[in-house]
């Protein structure tokens, strides 16, 4: 919540400076966390829950509405007062609680900055990686998604190299922050699985084909999505992922953690991913398995430790 | 500014309760002052200037915009949080400065309430009077103007009686708080005069008529409004003032103080009025003279001490 | 329909005078009926059905739309004509039929006023009662709900006293006009019941608890709302009803009639209420039973005969 | 005003049938008059002034606003009532006075239809003529201007033929109803003149050129528009008038009457035109002179008696 | 698609000329086809599929949005450029492919006009017929539906005569283009049937009545719409079809083809109709049966060969 | 115009990718030129005037309207077609003329890229410099102005250093691209001067003070802005320029060229600046003189050749 609060204030400042020509919404990106950590420090959730409005769940809709309305009213002015930012902070304080100048965590007193320091992490070790063809490979660029209000840079590699980086990271014992679109039909959090099934009967073979022959398109889709046996997947190319990004099919990204790798009974590669959506409605207590094809198709970007990048790619990126 | 601040908060509360179906704007009425004095106390302007946004003049436009936007965003909710009011006060604090729980005035420390008490005024002595025919006479009613968000009551008398009350007050040494429409052409603050000139050539007589014979309607109006000699006025009836109220010509009211009475060279009665618009561009250093006809036509209401009402009217009103 | 028609015209007049800063919608309040009866008289539905647009059911949506659009267009003017009100009445006449200057009912010819007189009711005997803490007790105030466009006053008592007044009325043989929010899940018109079930498993005891142990929150709610046996109710306090009013949970009020009192098998007190929603889909032919807790929580106000108020409360109210 | 009232009702009906996809505004066309005369009859202005809203001037703005708002609210319905048209007429009655079923004019009692008959005019003798190249010549078409809500047909001829028809009409003693754009700088009602001056210095010759050499473009324009001597005009072609129609420069049309022809000192042809804008601010008591070039450029259409068309053109039109 | 493309351009031109006061949407009317055929020629779908945007199905929503937005932006100008139309065509080219100046069909090269000529159809043989009482019978008028942007004329006959014309056409071997509202509950494309069932129990008789006695209105409707046996229909009169047109129940028209006539087991007359909605979900492979009552009630208009009209009606129409 | 065209297309692409959350307008920044030169090449204005819409002046308003409307309609889609970009280019072609794949300039045939190469400029030599305190000095950042849609980076130095860089550039014979706010009262293009006069009488001295004693604030301003003698200027600090940027007073930037330096009769330093607004209304044939104070206050950024930066600053910037 500390990151969220910090970004609310930064977003408001940038929104006003840019006369409203950026996204002002609840979402964010990995770079937000990195920047807050770097500049403002960090506070553990136990020490700053940011819940201050008469409930235990973060219902951001009223806060989103009033902050947006407020800054939209500010930018209508010809000349701004010096009070508007103080007023904005007054709203934030009301909904999140006052800024935690100092706090106590496990018996020790911290400021956000001293707590960040105590964690021993160097933000300069972390780097974002993505893979799109509308920018040249091996140079950083700002991914054009509205939530990336912070204009954070990501290095651009081929999708094969991106997979290579992930695999190398896991091997070296690093986890990977994974931003991906989770709106596909094949992403089924409850079933603990995310795949890109090929739903075209003509592409299927053998028993699958026999079993489903004669089904209508909708019936076929329903059958496949039952996931009662391994599905035949689409083979995802660089072009396919680019097209899905260009035509808005890949937009709704969400941050998760890749923590391991596994194979199914047919030897297909899956990544083990930790999600923040709770363990209640989850087949594998908060984890799920994502096929390599899903990762190739729907990854927006990853945030990794520089040291986990294979040397040859590192050199291409000039890191 | 203390009254203004107090009413901002009360107005926001009422606006939200009523789902936006009252006026939310800067304006107000005499009843606002009375109610604030009665319930929250009062603070002299020297002790709480309420200027907190980087200038010395109260430019309310940004404040008006952001507060209105904020509460309009609040009322869009299905279920409100408990934080919204705190957030609203955060805005008000940013623009007015924090609430003056205590303050020092001429060396003495006060709270708003103790200062109000120190003035020795009893708000129950004050009563509002108006004169309209769309409600029965001699009973109080809520004047239907948007600024009267507080739904304050005024006693209804005939316009002749209203003039009688004013005259009686002056005679007894009371001043009168006067709410009136100041948007008429005959209201000329710079020239220190407010009259209701009859601009119909056919109604004029003698030298006036000779002098202006042959002028177009616009030229005639320009000549008359020079006010280089006393003008012939319209005789205002109860019907005329009602019609002007009904058709929106009388809406834009402003609060002033009637402090005396005078006659011009022709014996026409004028009231001496104190205005808050400063002395710079004013013929008579902040005072001006209003004809009885103007008062009859354009008075929205008056606020007076009960004791200044003639006994016979007082009885009709049941006071 | 006569009351509805009368209020359409009054509402339009007030809306225009206030430049649109009141609610203009179909809803209303008890005070509307009282005021129409007092000033314009009354007409039985058989004598003035107000159906004039090619159907037998009152579909107000077109009428609501055109009247609202019409007056919104009127108030955009700087200076109004005298024709607008006649035009408004022309619309009302088209949808309701002409104003019933005279009508015949059971063989006798009446005007609305003479019919009202014939009923022998004195409107001054009726008084509204409510119970909220944002105004002082024992003094009347205007309940801040949009439908209360008429700014009708209600006396404020504690919720215990309000229940006392209802009970006393029933005992003395009076019925009570009851305005309440009917949007709660526990209000089930078809099942003829309205209660405030406690849906928190931890608050339940004995067999209930056993029976429902292991159900998800949604399943539990479904089970409880089957109403196949008496439910454990929330105990409603003054604070709870105030919070529900403040946060918009109690807003959607509807007028009904409390006609009696009853107890269920466990001795819990229920009021017998007559509703206007027809007998077709109703367990008890148009009547239903409301628990005291529901009344405590969701009552907006009641309209009662002064004589039915216990003496001690009457004195507190100065009646 | 009778025509205006009749068209308000017809326009509302058509607007509703077409779900709002026509212009609904105060303007109209010659065909409106012809159609009203043909179907509903006519009433002289003395007998039906249509002024019913507390003034002597037709201020249509409130009426325009409320009628437009009303029908826009009607068409939002999925299924309309039968009452909406009655309500619309109620509004029209309020602003125009009731429909003149019968009226007395110069001592004789008429209905609108009987009065129309008494005038001895046969509407079938009248025909509209225009000249544009986006439709084939010599066939009628609906001129695409929003005011032509009635979809009235005009015969299409070359601009030379249109001038020929006007000249022939005047010669034969007929007047011509002339619809033209009056928003050009060269149209100066006060000066009693309408021309299309050539404002390009390079196109000027002799003394003009000498006199104005060295003036800026704006100064030159000001000098020319003084009209203190005959101006050099643009020679208007068919292409020029088409371009001005296509690019919205010719849109704002107004109905006048061509009553004669004249020559200026240089022999340039002018038409004498009667305008309805009053005689007060008019050089020639309500008449003014329009150059042939202005007529060629800015004529939308004319309405004439068939008999005034030269035979050879008449044959081309199949009349 | 060629017709669709041609009408997009014509509609844009007319919309701009009329400053937006016509419908600009995807729909159209029979007259659109006739006019395109007459003026621009025709191209078979195989030769100009007009699919140019990365899919095989015509998803017009993006095209509709961008073209509407474009022309709405154009008409906001005071003076238009000459470029707007070229820009509009640039959009159309992008979505439909370039204009097919020439194309090859079955080995022969055509222009749209030469192909139209090769078909040997004379558009002057075709005439639209409708039946409404808000215009006089036997004269053509423009049906007031938004899709009829082309202001195409239809001849007006009684509904009995319209049926007579259809029957005569079928008998003579002509098919009939049929425009009708298909939004009725009794229009069931899947079941291959369109009827106007009488859903009022009181109007039913014999076994039906017995069978359904005791059902609620909704249950009754569900039972009847199962269409498991012939239903009792409403007898449709001229007044009923007019009322449905006047109150917006008949608006949503769709073009189909009447190709034959049939009787059901009870001898009721049905028309065999070909629909363009595909054969997949259709009881009778793309055909369905429409009762005469449905045709009487819901026909907007028909387009037929003049020669198929009975002589006596032809004479009334002056054809 | 080639740069303008190139940026229209890039801006549309970015706007669509970002779902509309950047500015889409005619304006731009120095980085736009640099990027177009680098990636697409350049075309001299004589070879590609980009005027294609029936006039000789670039009236961008229609083009701005239609392109904005078009892309706003595109981004409303859930899934985009591949046609939208082609349609956008169709619009651009219509207004600018087709893309100049090749062109002839001074007898030689070029492509945009070959022409760029022929100029012998290396874009990597150019760097943007600015001076604001809301970012750390000596590191590049993206200036938050809406026109900077390209998110171009500028190096941040103190305002003293920025002046030093300008002075060094002029000395070394380089010109400086200067982006500045030109909306100040002291910026008077016609008079060929831009200064920041101190308008506070109390700050003035000697004869000025005597001369203007007694003038009102407005009169004083008028006198000073006559510029008939050198004015006393405000001394601009880093804080003042930051405040003006923060409160929206410095926003409206415009690109010009600093070409030299000069002193006035009092020895005050002025820069000689070339403006693109034409020579007609200009005191010094298209040039004007800007005081150092104006440059300090109102400079948004400069674009310069790296080699013109003093060594010591260059090192701070890491260049």
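Observations on the model:
Every chain is named by a letter (A, B, C, D, E and F) in the order it is written, and numbering of its residues begins at 1.
As a working rule, contacts are C-beta pairs under 8 Å (C-beta built on N, C-alpha and C of every residue); 3 or more make two chains touch, one makes a residue touch a chain.
What you are looking at is a predicted structure, and each value in this text was computed from that prediction instead of being measured.
Taking the definition of touch as given, a chain qualifies here only if it contacts subunit B and subunit F alike; those chains are A.
For D-E, the matching interface among the pairs E-F, B-C or A-B, defined by over half of the contact pairs being the same residue numbers, is B-C. Relative to subunit B, the chain whose mean Cα position lies farthest away is E. Averaged C-alpha coordinates put the centre of subunit A at 50 Å from the centre of subunit E. In whole angstrom, the spacing between the mean C-alpha positions of subunit B and subunit E is 65. Each of residues 77, 80-82 in subunit B touches at least two other chains. With chains as nodes and touching pairs as edges, the resulting graph is a single ring in which every chain has exactly two contacts. Listing every chain once round the ring, from subunit A with subunit F next, yields A, F, E, D, C, B. Considering their complex, residues 14, 17-19, 21-23, 77-82, 142, 144-146, 149, 151, 246-249, 251 of subunit D touch subunit E.
Of all the residues in subunit D, the ones that touch subunit C in their complex are 52-55, 59, 61-63, 65-66, 68-70, 72-74, 76-77, 80-84, 86-87, 89-91, 93-95.
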